[in-house]
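Down below are the structures I want you to see.
Next come two complexes built around chain A: one with chain B, the other with chain C.
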Partner chain A sequence: MGEFAISVIKVRDTLLVTVPAEPDDSTVSALQERVLSAMERHDPKRVVLDISAVETLDSFFARTVSETARMVTLMGGRTIIVGMRPAVAITATQIGVTLGGIETALTVERALD
Partner chain B sequence: MSAHDGEVPITVEGDIVAVRRLLREVAQEVGFGITDVTRVVTAASELARNAYKYGGGGVMRWRMLESNGRRGIELKFIDQGPGIADVSRALEQGYTTGKGLGLGLPAAKRLMDELDIESAAGAGTTVTSKKWCPK
Partner chain C sequence: MESRQPVPRKASDDEKAMNTLQHSELLQLLVDSVKDYAIIMLDPRGNVISWSPTAERLKGWRHDEIIGQHFSRFYPAEDIEQGKTEMELRVATQEGRFEDEGWRVRKDGSRFWANVVITPLRDRDGRLRGFGKVTRDLTDRRNAEEKIKRQAQEIVEMAAVPVVQVWEGIVLVPLIGTLDSQRTEQLMERLLNRVTETSSPVALVDITGVPAIDTQTAQHLIEAIAAVRLLGSEVVLTGVRPSIAQTLVHLGIDLTNVTTRSSLSTGLRRALEMLELRIVSKGASSA
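Up next, the complex of A and B:
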């Protein structure tokens, strides 16, 4: 992990989670646990998941994010995905990724509005 | 990069990312645009994970293709794992259904131009796929 780790920061009532460019599977799995324990500790209204650095969104990543968002909802929060790259959006749609129930925004500023 | 083919072992989990990083460079070198580069890398990620998680590890062999003035890339994922008993069923599985074997296969098949699987129960698996640069 190290510099390739996911960062989780509380910004007012928002949990800002920033994903690095090419996270390995362990890092992606850890995202779920880290988000949920941060939710418990800080009780934010929403989780902003910044994937603007992410270059590959495969089915494993998509599934982990979907599950995490469902759990965030169960814990009373909203999930907003930010910064999906066009090439990633095209590819994800092509393989049938549906981020049902998750909002998206183009920038972190928009998401924090 | 001057190589036209190569091999990457898939023996530890970190090798899945290594496959993605390498193929991103190779695909750019072949001349794919950013979206197709992303398709190749995403397909490779799915297939590398399958080889690692269900195949017990294996190897990825890649080579650049050239035919009738068109360039392309071929990826071969080989493992000596338990094999796939019903290949056509594994390809049919919806992306979101169930756990386990073959979740990444339908995804890889959609992203690449060609995808072939040689496998049988107890006999390992070889997945060969190709993508060509548009004319």
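Up next, the complex of A and C:
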């Protein structure tokens, strides 16, 4: 899959990032690269990370997302995670993933409010 | 006159013979006609020696296909491996009777739930001549029982953790009784699903009906709250009574990141505020 599986779209002051159903490690690594380079290029106010397609979440993915969020903050933006599935949230809590202080939203629309 | 004497005697022998014949014919008719029970006979080794229309209807084999076959044909492979058929004949021989309820197999491989009674057949000298086997199909009864059991389980689960939508964007979980790990798991699953289905940004978790809180229960609640947050929704924990507040502080449980309220009504007001909604009385709005 790699970096082509992720879509990164800039809409006004928002960077909308869509993650595929089963991101492998290279996809997850590419995610961080793409988000940070888009931050540098466009300087958006916020990054909306749509993970509504994601069916399984492993600790590498969780760690990368929370690291990326901290990096985005350092670059002057805020990260909002959108659309986590109930089953994924349960697994995440069970393996102790809280995603730190990252904002979350139920839908992309609410994230843009 | 003389010649007449023996006649009744002879006739009575014939009658007896006739009666015996009729008797066994009637018995055969009974076996063939009984619709609810498949009655068959086995030889002492367990091979089928008599078959009946009901047995054919229930199990699928025709008379000529099954006569001489071992009765293990009616059993699932796992039962045969465990030596169930030998055990059944042994118990029947020793105790005079064997009864069992379990899965049996039809000719086409499908299964049915059967009640089976095996009775040893002995002649006047006590020699074992074979076995009578009476089988009843209880599949319908079993299915009905399973259904009732399933429904009862569903009702119990629903009553254990109801999740109701109280306002557009607000769901409520009124928790009643002690919270164990299993219930918390159910709570999480239902709450998260409802939050997603109704796209509710606020979930009220009311613990008014929870008698006491210990470290483990609190930990479960904190986990559930964390999971709701991951979805993009907020939890307001309501029903924090004085005794619960004291316990939480004494146990050193940190709920500073969680919005808590003492009563459900103040919690609901907080939830409405979070949604930037306000309830105004008619008088106040017209004034």
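Going forward, the second predicted complex is superposed on the first by the 110 of 113 C-alpha atoms of A that agree within 3 Å, B and C clash if a C-alpha of one lies under 4 Å from a C-alpha of the other, contacts with A are read in each partner's own complex, and residues count from 1 in each chain.
The rule we apply is simple: a residue touches a chain if its C-beta (ideal position, glycine included) is under 8 Å from a C-beta of that chain, and two chains touch if they have at least 3 such contacts.
As the structure is a computational prediction, the values presented were derived from the model and not from experiment.
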item	value
Partners on chain A (chain B, chain C) - clash or fit	fit
A:98 touches, of chain B and chain C: first, second, both or neither?	both
Contacts of A:46 with chain B and chain C, given as first, second, both or neither	neither
Touched partner set for A:90, first chain B, second chain C, both or neither	both
Touching partner for A:78 - first (chain B), second (chain C), both, neither	neither
Touched partner set for A:70, first chain B, second chain C, both or neither	neither
Touched partner set for A:107, first chain B, second chain C, both or neither	second
Gap in Å between nearest CA atoms once chain C and chain B share a frame through chain A	8
Contacts on chain A seen with chain B and repeated with chain C across the two complexes	86, 88, 90, 94, 97-98
Footprint of chain B on chain A - complex, ascending	22-26, 55-60, 63, 86-88, 90-91, 94-98
Residues on chain B engaged by chain A in the complex (per definition of touch)	13-14, 16-17, 20-21, 24, 34-35, 37-39, 41-42, 45-46, 49, 94-96, 103-104, 106-107, 110-111
Of chain C, residues touching chain A in the complex	188-189, 192-193, 195-196, 199-201, 223-224, 226-233
Of chain A, residues touching chain C in the complex	81-86, 88-90, 92-94, 97-99, 104-107, 110-111
